[in-house]
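The first chain written gets the first letter, and so on, giving A, B, C and D; residue counts start at 1 in each chain.
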Amino acid sequence: MRYSIFGESHGPAIGVVLEGVPAALELDLEQVQAELCRRAPGKDPTATARKEADRVHVLSGVFEGKTTGAPLCMVIQNTDQHSTDYEALRWTPRPSHGDYAGFIASQGALDFRGGGHFSGRLTAPLVAAGAVAKQILAQRDIWVGSHISAIYGVLDRAMDDPEELKSVAGKAFPVLDDAKGEEMRQAILEAKAEEDSVGGAIECAVMGVPAGFGAPDFGRNVEGIFSQYLFAVPAVKAVCFGAGVGFSYMRGSEANDPFEVTEGGVGTKTNNAGGVNGGITNGMPLVFEVTLRPTPSIALPQESFDLRTGEEAEIEIAGRHDPCIVPRAVPVIEAAAALAACEVLGI
Amino acid sequence: MRYSIFGESHGPAIGVVLEGVPAALELDLEQVQAELCRRAPGKDPTATARKEADRVHVLSGVFEGKTTGAPLCMVIQNTDQHSTDYEALRWTPRPSHGDYAGFIASQGALDFRGGGHFSGRLTAPLVAAGAVAKQILAQRDIWVGSHISAIYGVLDRAMDDPEELKSVAGKAFPVLDDAKGEEMRQAILEAKAEEDSVGGAIECAVMGVPAGFGAPDFGRNVEGIFSQYLFAVPAVKAVCFGAGVGFSYMRGSEANDPFEVTEGGVGTKTNNAGGVNGGITNGMPLVFEVTLRPTPSIALPQESFDLRTGEEAEIEIAGRHDPCIVPRAVPVIEAAAALAACEVLGI
Amino acid sequence: MRYSIFGESHGPAIGVVLEGVPAALELDLEQVQAELCRRAPGKDPTATARKEADRVHVLSGVFEGKTTGAPLCMVIQNTDQHSTDYEALRWTPRPSHGDYAGFIASQGALDFRGGGHFSGRLTAPLVAAGAVAKQILAQRDIWVGSHISAIYGVLDRAMDDPEELKSVAGKAFPVLDDAKGEEMRQAILEAKAEEDSVGGAIECAVMGVPAGFGAPDFGRNVEGIFSQYLFAVPAVKAVCFGAGVGFSYMRGSEANDPFEVTEGGVGTKTNNAGGVNGGITNGMPLVFEVTLRPTPSIALPQESFDLRTGEEAEIEIAGRHDPCIVPRAVPVIEAAAALAACEVLGI
Amino acid sequence: MRYSIFGESHGPAIGVVLEGVPAALELDLEQVQAELCRRAPGKDPTATARKEADRVHVLSGVFEGKTTGAPLCMVIQNTDQHSTDYEALRWTPRPSHGDYAGFIASQGALDFRGGGHFSGRLTAPLVAAGAVAKQILAQRDIWVGSHISAIYGVLDRAMDDPEELKSVAGKAFPVLDDAKGEEMRQAILEAKAEEDSVGGAIECAVMGVPAGFGAPDFGRNVEGIFSQYLFAVPAVKAVCFGAGVGFSYMRGSEANDPFEVTEGGVGTKTNNAGGVNGGITNGMPLVFEVTLRPTPSIALPQESFDLRTGEEAEIEIAGRHDPCIVPRAVPVIEAAAALAACEVLGI
């Protein structure tokens, strides 16, 4: 399976083509729509005021409710656009956005309106593609869950067991410990009040992947496959498996996961490896954490320059922006993980 | 350019095929050999006592000292092998090694001797391939440097400027602050004395990559490309760009890199982004850190089980193992980074 | 550059996503439309009576008239559909169509209406993608031309020089010798009158590709790249470069192309190799011929069977079908060739 | 599965790396060697006098006789080399060889000795890889057979049933009709006597591939996949499926393959489609024919030029060359077909 996302924030439509979808899957479009709703803004005061009526239209690949195996194209029309908000910034790239790098890469032909193809809005088709992947995985009793693990230094409590994530999925603010969630929301609202933004992290688990998928080699190892999908999500700057950066504080005797054989099969007592040894799944849940940078769009004045003259210029970004994209990124990370899991499984 | 690494720790030879090498490059084989020496054990008491006389033989792709553009195959013979050390562990997988996952993946046909294809020894051909990549990059004034940034909680001092890494390259223990390096070495020796191992981290920079390479899309974004190469290095469990996991403690106003225009061109005052915005290079050094887990091979007794009977079994791993692979992994990470940089540049 | 075509004959729309389009190309949409018109039916009495108002809509990847380098999505709405024509054939696959093979591949979930994703209609987005490729090639003074070389045994005269193809491009029935073209049209009309169809061939040339592109290796050799694009055109069953099947009647002394050095550079006196030696372009025009099978949809009664019961069944195909698809396939083959040339050139 | 062939005719060794080999296959190395013997020269007076003692060495990927799933590297040492034969031609490219195109592609750094990486000798590792593929296919009751279908205009009799190819496999000169084979050999010997060469064709069949593999789309259609493998064989200039170029002389009523349902399952009475409809296997044997150009190396004087001065130069090619490579190409085409079949089957 292979996905191609297309579209720009202020173009006529955004969408995705999924090639290699298994045939004869009863596609539940309501579930696709439900995933898009999880990502939609406006459900929590911490999110942007933009209203994104993301309704997905299937253009191809489905017949009489089932996937045909032909490329599956899903499209979302663009509607709520305020292009004028952006015109002012055409020649003054926003710090830490893709504006400048994109301007160079496009040889000046960048669609700058609303971030163009770099917009976080492009994660909507990714969520739609991931929703299809989740349904394919569900047929094999594999599911993907996640929680917000950190925002601006406020950490959710540690996860005892990935099974806990099932209860988190339906929450408006998906954390294990709601008190911690409330602290996180306060941190976001404070940043918003100060015209600033905050970063955070999401911990994700893929449950039910059998042992033996992947390989140590380039292009086939599980961590490498997942990371390629995860870094394709805008704002992701770190991908950590299992104990992750914590390994550099550990000894082998702590880090190693002792085997245990139970009725359910071979497992390990701990899961510091995050379900992967030697690039291959070991049957334990695949667990990883991604860090997302603070939204670069802040209202505070910032230092930029004029792309035409090279002269310094101070900018202030108008428009409606999420002071923290982490809450809305939760279904996006799950979508990327679901697509990665399909690749690992050879789907 | 695309590489395929082949071989097993105790097979006749290991090697690599590099396809798509630019033609007419004057290949400096001494430099390839020099990179292999940086990776070789035995140069520091913290490393394994195994002696690896890794001499590379070019089988193809070079004629009269120049690359021809045809696939470049480099082979290293295997010599110093103690297969009997491993026979005892054939049916009792070592915790947190690839043994069990690999046993399942290979349907039982795993070459278990010395870790087989999963052995850290397979990083030798990777270093050789990376040495070729470095020479290609050097023609474009791009170079790759790195330092050990952490071992068992001992952190090297923060890097002021990636240019500093030039002075680190020649050190036997490559750190910025040699006093910290000495602490790290002590931590390794203590672990070794206690039949244990320790993890750590390497910070790496690629200097000289112009702005405008990459794309936000899956398969083409810079972080995604680098991470795929980096996670293909055994023991790497986390890949963090720029401020990395630190972003989840930051506000946008701290995290954003203000632009500055100097005689050298457009840059940013800070480099929290690690040289990448929107998946595209922005002209600043590409900076990232990888975390490597502690060597899973420790002499302390560990809990395993018998692959044939499923019964619990305690194991003790004999043989000679690095109590910390981080020092030897430095040129390996640089090799992976050099190959990744070539892909980003469309080489 | 990479294309993904999606859609079904009787779905809401068909389209294509082109990834890796060079940025800052002034895209001439009129020319894209003009290529689609070359492919449209109804311009000649030998073609089907279906009217395909193929108007292309750009959904993404173009801003202010220029390509941005982001994925370029073009969509064509479906309008003129007679699904009822096909319902009768749902369970009785048409001989030599994709119906049966597609039924198995889709596990029964085949969109059978109008051929679904197998429909010749899906060549419209291919032509649109090829029109973009042609504009990219034109910037490098590379152009693609072709003529109908055979229909039902009537052969066009031999091409003296690929430059001749420039004058053929505008013809309603693109042949070098119009008298031969008239014979071909008669052959088509006779087949049509007898409720039958005929096959034929198209010879195509790509002019202006410099020497030195490609490689002998799998995945990189010029003939292999072109053939993959050409066989993706429905009905193509043979791809022959240069003297093609004629080589099996030749001696080396006839087949070899003697070199000649002129003011224009190094060339060969003949071009039996079709511009490729050892999988690499030699600077001569790339010349190849493809054979297209007769349209399998004929009104004559044919032997089929019932997919549900396995019982024999005679079918008669209603609906409007081209008695020969070769004339309409001319711009399709050129489109495939243009996309292949881009890959060969590393675009 | 993916193969990378490396090596040059006069380098130390040639070889192949096969990635993605299914694990736990009992690899029969004698059979690999037997395929190499089928390709070896010297078994028939029509072949070159060079002696190629092609003994394959497995460097990796096999343990205790079974494939491990890790990359499988096979190497063949080079021994019988007469580099001096070639020195004379260093600056005067041989017509219709890869010399000139390769010189440009390599920016002058071409290994010209014995054709270097372009040598027909590089088909030996391809045969070895194909021999592994054949063993994988045999586990699924799929086999590949072929016969010489034409040499210099002498045609073998038409194949009634691909099953006939089983009896051809063991022949020194593999044709269906030995009398025709004798005529072909005479044609070769005459050409040899006149210091010339001849071209020909090979018809190949893959038996036992079930219906439903492949897709109409680019990169996934069966003809496209096969053609990419087949054109990677040096000297192949045409690939024709089923009735091939004959389709341009046919009507739909002749070309269409009527269905028939027998005890063995669904099939067709004829197999003009060569086992593929809509890019998908239909369960019938995959049948295709490839045309191979006459060996460009002939002893007759030919027109070339000096790469350094651009001046015309007449050349005479010394050395030992096959006056017709078709007989030795038979196992090579089968190897390419076997590898292609694996890709089609998703192996």
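By definition in this document, contacts are C-beta pairs under 8 Å (C-beta built on N, C-alpha and C of every residue); 3 or more make two chains touch, one makes a residue touch a chain.
Note that the structure is a prediction, hence the values are computed from the model and not measured.
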{"item": "Chain whose average C-alpha position is farthest from chain A's own", "value": "D"}
{"item": "Pair joined by more contacting C-beta pairs (A-D or A-C)", "value": "A-C"}
{"item": "Separation of chain A from chain B, taking each centre as the mean of its C-alpha atoms, in whole Å", "value": "27"}
{"item": "Intercentroid distance (Cα basis), chain D paired with chain A, Å", "value": "47"}
{"item": "Chain A and chain C, separation of their C-alpha mean positions in angstrom", "value": "39"}
{"item": "Contacts with two or more other chains, residues of chain C listed in rising order", "value": "4-5, 19, 69-71, 105, 117, 215, 217"}
{"item": "Chain B to chain C touching residues, read off their complex", "value": "19-20, 69-71, 215, 217, 220, 346"}
{"item": "Touching residues on chain A, where the partner in the complex is chain C", "value": "4-8, 11-15, 17, 19, 23-24, 57, 59-61, 63-64, 66-73, 75, 105-111, 116-117"}
{"item": "Contact set on chain C toward chain D in their complex", "value": "3-5, 93, 95-102, 104-105, 117-118, 122, 150-153, 191, 196-201, 211-219, 221, 223-225, 227-229, 231-232, 234, 236-261, 266, 268-269, 272-274, 276-283, 291-298, 300, 302-305, 310-312"}
